[in-house]
């Protein structure tokens, strides 16, 4: 990646802080061990710690609904009182660094009124695709549509860096769900075996949920005690219920940022669950998530044309 | 110490399959996991350690630690039916062989022992410990996350093992008994007694491995820890934390759990202090509502409270928590940071 | 007709019925003395739109062999369009159940109006047959959920 | 042999007493008489009580250890398990395991003036001790019981309160929060910590034993601080989320202490450092 982009990014962040447009910039930094980490900057002089390279996989939009990060007067939908009381105009205003895929999750948050866009400065970065630590392009980048390589102008406040028009080794996505169709084509017992093998490994660490930019519920259904919908004890049956419900709650919302799958310590191919849902939503309800901040989730809508072959 | 060929060891393991459960590293989609070997499949799945520089795995350690074979993540206790109580899990009577456990993890067993075999003994844990023979494997290629040497362990440590293996060239192992159980096992392994040359080779391997571990955790004085308890520092360092349970669940020494009901079945399952439901009481009170207080609890429990109660830190430096953290929160960096603050005269 | 599983256990099937159409339809079947399998346990709900997919999953988790969701025909919903929301939800739920290898014959949805006593009896009969077939073909030792 | 340490004994609800609209006291008898005979405990200890299919929760023993053949627990309806307990009828079976935890340091209290300061259901945690102390009245100096609740309707152990009030050798002061009084209310009106300060106990001769809602304990401790009490002679019993009762599950860990094993009874001196964290 061009180092010029990093310098420009650092300057942009410093400017935003100096001019008091925002009082927090969420971006990427580097740990002393050399790992990319989320970075939270409040002082202009810290902006030089901002990084941007092909290991910047995290979807930082996740932190926009985390009250312990953005504070009570942050970009969240509530606490307008705290907001009004604050004399500091920058207080609670946040800038966030996003890639094209991350931006889609922000679009969903907007459509669900979870962020106050006017308090948020979105810094888009054209992305040539990100890689794992072994240098392999992430699977999500392989299915990234070219229009998402560059953050959509109208949705960002600022774009830093030259647009990416090369595929960067990425296969150009044909919009198919081939890997899902392969599973669909299996016998029921084979599918059961396939998924149960993965589910038996699940530790119920909830990293997939907690890392997800769209899992912002104040009280998650899995944390409810009464009724207890799914036992918190890991086990194939309880884990299957957990994964079904998790994916279901993201129906028509998941933008395939791939964070859940990346975070999963035991290698459960969570995108293959999310994309199955996306496939159904696309084919049956003709909807794609993350494109339109005004759009409503397909599950709060219906159409008289909805398929009902399965209904007697 | 004896030089044993891999095929001799393999034969022994094969024999054990008949009457024992074998727990060993198994590969799945590029990651290693400790698993019970499928007796039908035999040793096919078993991943043997590699020697030399040829294709080291990305992580030297398995994803999961061996703790789940002593303290299962889901343990059915009993059924409490209106008509009475029906026990579900009996202590382990089956002999078990745990293969290729790394020194950090076997050492972690000795730490868990202090909890589960202390004043009140956990009979399941006890039986699992008694019936398991631990065959440890020395680390030749620690990675950049390892820091066992600054916590009293080392890549050639033997604490918690019955038998230790050091892989050497030519698909052979240097085998050293550590306990009586290990002696007994070694008796059934034929091989040449190691001589001075092997002793020397072992020394070199050990020195190299120890030198490869560059990370050092610098534990602050208890007094310093106490002073910084209320510091804003904890908010800073835990900001990126997503409060998942990866660090606790992969940790070989974390032992917190929950007791829950599934219908009439009561069971024990892992739980984590990072979860916001961990200390929430029925009526909603919670003395650790904020994320940083929960992260702080994890650090203080490991490096202050546990030490005070059990005279050891509840950390062996395996590095799993950082290696697998989705946002790479670094426990070493954070602990060292307290000392750094104190040295710099930072305000507690 | 016997509704036992292959090992002789009585099948447990849960039906969520909307109050206004399907429940009345089932009632009509009863009043008309139409025979239908007894394995179904009916839970009356205000509207099929009320049925949270979590309820269906809870049934399976607690050991149900099959689940039926039944509501008013499109256009007949007492609350205008609750059944149309339900249609979307259940379609998605069914796809996921199937995707995870749960036999799709174990989860049914139907439109049954207050006047369709006969259709109700037929629906339940088919459901129980399907669940039985799924049960018979299930691999030994693999539970429903 | 099953895993023993979590296996409860079956017990039957012999008697159910309704204390307030959300508090019931259960008298529990072990199904196995042998178990019942051998079961002994000290005031301050607690039990894990479980309901089939609903779960397990922690309750302090409210009966006196001298009462044999049964034990008593008071249950306030606040969550899943306590709701389930409230739904139970007489003769229903529950599970009991314990007793767990340490107990009140009776020995250290002998010869001292005792002041019991309780709020709401917090009196449950002191009841066992009060019963023992009253049964050995001559071993102690003066005894005061200061008990308050949100409203008159929230006062527990009504009959017992009357008994205590009628005793000449016990000074029982009842109070309700302002607004919680009724027309007939003859007790005081005001918050417990303020009442305590008004009583102005002698900090040298008295030991204070307190339990109540965390906020009350906090203010009581602060009041005692102001009055110059030695933290060694202030005793409280804490409630914390607990699961195992054995110091294994890590849930009730605060500082180096495990409330289930090192407590629930602590002197103020022991917990002073952590008060901010837990109360």
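To keep things simple, chains are lettered A, B, C and D as they appear, and every chain counts its residues starting from 1.
What we mean here is this: a residue touches a chain if its C-beta (ideal position, glycine included) is under 8 Å from a C-beta of that chain, and two chains touch if they have at least 3 such contacts.
Predicted model, so just to flag it, every value in this text is computed and none were measured.
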Count the C-beta pairs in contact for A-C and for A-D, then report the pair with the higher count.
A-C
Taking each chain's mean CA coordinate, subunit A and subunit C are separated, in whole Å, by 36
CA centre of subunit A versus CA centre of subunit D: separation in Å?
49
Could you work out how far the Cα centre of subunit C sits from that of subunit D, in whole Å?
50
Residues within subunit D bordering two or more other chains:
79-80
Residues within subunit C bordering two or more other chains:
none
On subunit B, where are the residues touching two or more other chains?
258, 260-261, 263, 268, 271, 282
Interchain pairs in contact, sorted by label:
A-B, A-C, A-D, B-D
Would you pull the subunit D residues touching subunit A in the complex into a rising list?
79-80, 83
Quick check: in the complex, which residue numbers of subunit D touch subunit B?
1-8, 10, 50, 52-57, 78-82, 92-93, 95, 214, 239-241, 243-244, 246-251, 253-256, 261, 273, 276-278
In the complex with subunit A, residue positions of subunit C that touch it:
53-54, 57-58, 60-61, 74, 81, 84-85, 87-104, 108-111, 123, 126, 139, 142-143, 145
Show which residues of subunit B lie in contact with subunit A when the two form their complex.
28-31, 33, 58, 63-64, 73-74, 144-145, 235, 239-240, 242-246, 248-250, 258, 260-262, 267-272, 275-277, 282, 290-292, 322, 324, 326-330, 333
Which residues, counting only subunit A, touch subunit D once they are in their complex?
225-226, 228
